[in-house]
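Each in structure tokens, the structures are laid out below.
Heads up, the next two complexes both have chain A, just with different partners, chain B and then chain C.
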Partner chain A sequence: MLRAVFEPGFFSSSPVHVALAAGGVVALVSGIVGSFAVVRGQSYAGHALADISVTGGSASFLVGVSPLWGFVGVGVLAAGVMDMIGIQRPRGRDLATGVVRGAGLGLAALFLYWDTTHSNVTGATITILFGSLFTVSSTILPAIVALSVAAVAIVAVLYRPLLLSTVAADLAAARGVSVRLVGLACLVAIALAVSLSAMTIGTILSTALLIGPAAIGLRLSRRPGLAMAWSALAGLAATWLGVLLAYDSFYWPPSRHGWPVSFFVVTLIFLGYVAVQTITSRVRRA
Partner chain B sequence: MKRRPGEPGTSGGLLDVDGVSLWLSGRKVLDDVSFSLAPGEFAGLIGSNGAGKTTLLRVILGLQAPSAGTVRVAGQPRTRRGSLIGYVPQKILLDPDMPLRARDLVGLGLDGQRLGIPLPSARRRSQIDEMLQAVDATRFADTRVGLLSGGEQQRVLIAHALISRPRLLLLDEPLANLDIASEQDVVELLGRVAREQQVAVLISAHDMNPLLPVMDRIVYMAAGRAASGTTAEVVRPEVLSDLYGQHVDVIRVHNRILVVAAQRGEGLDVPASEPEPMVHEGA
Partner chain C sequence: MFSGFMTNAWLVGTFVAIVAGVVGFFIVLRGQAFVADAVPQGAFAGAAGASLLGINTLIGVAAAALVGALGIGWLGRRGRRDVATALALVVLLGLGALFLSFSTEYAPEIYALLFGEVLGVSANEVLPIAVLSVASVAAIAALYRPLLLSSVMPELAEARGVRPARVETLFLVVVALATSMTLPVVGALLIFSLMIGPPAAARSVTSKPLPALALSAVIAVVVLWISIASAYQTNWPVGFFVGALGAVCYAAGRGYAALRGRRPARPRAWRGAAEQGVTANVRV
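Entry: the complex of A and B
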């Protein structure tokens, strides 16, 4: 029976261990930070930060460092630039985000082109865009954990000021909260979260891990803290189940090639959201 | 602008606004505004849109530094004002899905500026319950704030502002966008709470009439200038004509007060009841 769920070697494979650890940590971070991205109306900013971090990821192959540092470095830098040119004003928000995102993607296109033509990094494009959780090196694991702790620490420390400034900026400012600083810190946390998930499930899909579990969480609870916990849990469940299914898929007929982990993670999140949405709206109507 | 009738000057009251002027992008938005509030006093800040009400509230809150003049709250200058003032903003726009119950928002009034995650405690909970009860919000205490009606949200925001026991409560157009029944409920609630909690209230509105039963003092604003005193002292043709810089009449009918001006060939305008500005800034 257990054999049918866990194909042979799942628990003894070291790439699986690393994938479960890295994927799990990143899912928890995305779930927690993503909740703030969603309630603060910064889903698009999160999406743009993920796109922009491609620039760093693709450049890292050219200079020969781990893509993690490329993703994180450029992601955080972009958060700073977006704040500088006016993301804190609701009216300038989408404009600032869009402008920075466009510029970042332009550079990413150039670097990816160089990756594939000049330096012959095979699979760089696929790795960066769609992730490859099974190829994450165990040496980078401590860095992933450290950056994850940093991202969660930011939103945990600023938990109340962030909630207050989300309700109304004036309300927070009247209590002496520096709304701009708090907003920038939150954007940096979002940048860290999407950069980390760019490493695991790829830049294109990292928004799904940021937004999807958060959307599930705020459906499941009326309380901010509990909604975040549900969100983290949903992300974790989708990631671990995705890793398992991807591992099992190596044994699936007809091709026996294995399907990408990212596909499973994102599909599971989507199915989870549809299920929760259906159930809660039925409960609310009753 | 000289002091207005009934103006007590800087007498060391709870709130002392003294000669406050403010220029924003070359425009004089506030023009030598002076008035005082005594502890527990209920005051209406009345004027049409663009008269400078919200700006004056922001200056009192310390969100905006005046170009000239001083504001003191219980004798404290700008930097130490935070805990003395409770603030209810004009409106909040919250997604219905936002996971934040009414009681969570009231809790943020207790310690929303603090860092870290709040630990649940029986004392905190009973404080929140008590406040929710004081504003008749117990019924929807566990509902998401984004799902509440305008009047219900006002109650929750008032509880949010009052729970830290401020000495002064500032409300920016709390009656805007409310139906008449909720409007009366909120006014009644504010009058009662101000007495019970011994808190001075400054409430901005474009129509003074709903506030007439509870108002001890009126601060009437037009084109950035203000006149303050009791309603009988301030809402007179002489005082308001001086304030507006053109002749206006004051009509009392059915316990309502209408301020009416004959505008150059445009017929009657009723600034006290209509949201449209009668005197445009710079006019």
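Entry: the complex of A and C
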């Protein structure tokens, strides 16, 4: 029975261990930080930051530093730029986000072009954009964990002022909370979370893990702490199940080299969201 | 630069830019930047699927764009709009990744779909793109009044008998249409810069809707022409120039508005124009 679910070698393969560890850490962080992204209406900012961090990834191939610092550095930098040109105002926020994203991706196009023509890194485009958990190297695992802890720490330290300024900005300002500063810190935490996940698991999964589990969590509970816990759990479950399915799919038709992890994780998250939404709306109506 | 195969590039580029400027104007007005960003990116899955099945890329892209646009509309009625958009987007991208892993497409071709390959437009692509662009502009012209009113004053539009959900769906279909023709030229990741940079700049220059719409199309055409010329000269990807110039447009618009001391808000003049139009067209 167990052999039918877990293909032989699943528990002894070291790429699988790294994938489970890196994917798990990233999923937990994205679930927690993503709850704030969804409640604050910054889903688009999260998605854009993931795309922009690709610029850093593609630049890092050129200058020869570790992709990790390229992704994270540019992601955090972009969060600063977005805040500067007025992402905190609801009106015109999407526009400002989109313009930063467009300029960032334009640069990414140029860097990727140089990557493939000058430095002979073929396939860099695909690796950077679609990523694969199975290619994460175990040496960057400590750095991933450290940066993840930093992102969660920002959200934990600012938990109460952040919640207050999200729900009632005026009240927060009256209590002496610097709404702008708290917002910037939150955006930096989002940037950390998505650039880490963009690097380890690709930009697709990064947006999926930031928004999907958070949306599920917020459907399951109205209490913020509990919703965040559900969200982290949902992200973790989808990622690990996705890794398992991708590992199993190695012998599936048609290609016989395995289906992409991103596809499984995204599909699981989407199905989870639709199921939770259908059930909760039934329960609330009854 | 103007001979032989480049004629197609100039011709198609001009069509694409006009449509992007016109459709983008309403995207900016309605604050739907995320949707306009997600639909083209999701449509990329259609291109990957089409290459797997061996059918025309344009058909695959159009199908995926339509599914994406309608999916966003469907999910958005049941939950938060930006969450719906993000979910629809990642599902399509996940499918795209799956199709890519099945197909044996070379990396440069995927790169071209993502970041644009205007110099590679072939002669038999010109006619379908021309037809699609005329259709997109015609659809916007037909929807012009209700679209403007429901963008500027949603409550009034509803009171006047405009159904916001229906206008929304129709508009999303037009966005999908415009997307599927722009994608092979500018690339999935950067269509969007062409759709929001020029309209944002146009809106800060004039507050009258029709001149702003026209100006937006003109700026988009100029941006794409400069981009094509620069891409031809430097051999760099056209998407880079589109993205950079889109940001320049936006910055110039913001600077101009700041100099004149006003924000590109929804000016009063538009309400009058939109109201009159709807009274004439949609009798309650």
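As a convention for this text, the second predicted complex is superposed on the first by the 281 of 286 C-alpha atoms of A that agree within 3 Å, B and C clash if a C-alpha of one lies under 4 Å from a C-alpha of the other, contacts with A are read in each partner's own complex, and residues count from 1 in each chain.
We adopt the following convention: a residue touches a chain if its C-beta (ideal position, glycine included) is under 8 Å from a C-beta of that chain, and two chains touch if they have at least 3 such contacts.
None of the values given here were measured: they were computed from a predicted structure.
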First, second, both or neither for A:Gly106, with chain B first and chain C second: second
First (chain B), second (chain C), both or neither touched by A:Ala156: first
Partner chain in contact with A:Val65 - chain B first, chain C second, else both or neither: neither
Partner chain(s) touched by A:His47 [first = chain B, second = chain C, both, neither]: second
Partner chain in contact with A:Ala227 - chain B first, chain C second, else both or neither: first
Per-residue contact with chain A, leading partner among chain C and chain B: C
Partner chain(s) touched by A:Gly212 [first = chain B, second = chain C, both, neither]: second
Partner chain(s) touched by A:Thr267 [first = chain B, second = chain C, both, neither]: second
Overlap of the chain B and chain C footprints on chain A, listed as residue numbers: 41
Chain A to chain B touching residues, read off their complex: 35, 39, 41, 156-161, 163-164, 166-168, 170-177, 217-219, 221-227
Chain A-facing residues of chain C, complex: 28, 31-34, 36-37, 78-80, 82-83, 85-87, 89-91, 93-95, 97-98, 100-102, 107-108, 110-111, 114-116, 187, 189-190, 192-193, 196-197, 200, 236-237, 239-244, 246-247, 250, 254, 264
Touch list for chain B against partner chain A, complex: 58, 61-63, 82, 85, 87, 89, 92, 94-95, 97-101, 104-105, 108, 111-118, 142-145, 160
Residue ranges of chain A touching chain C (in the complex, touch as defined): 38, 41, 43-44, 46-48, 51, 85, 91-92, 94-95, 97-110, 112-113, 116, 122-123, 125-126, 129-130, 202, 204-205, 207-208, 210-212, 215, 254-255, 257-260, 262-263, 265-267, 269-270, 273, 277, 281
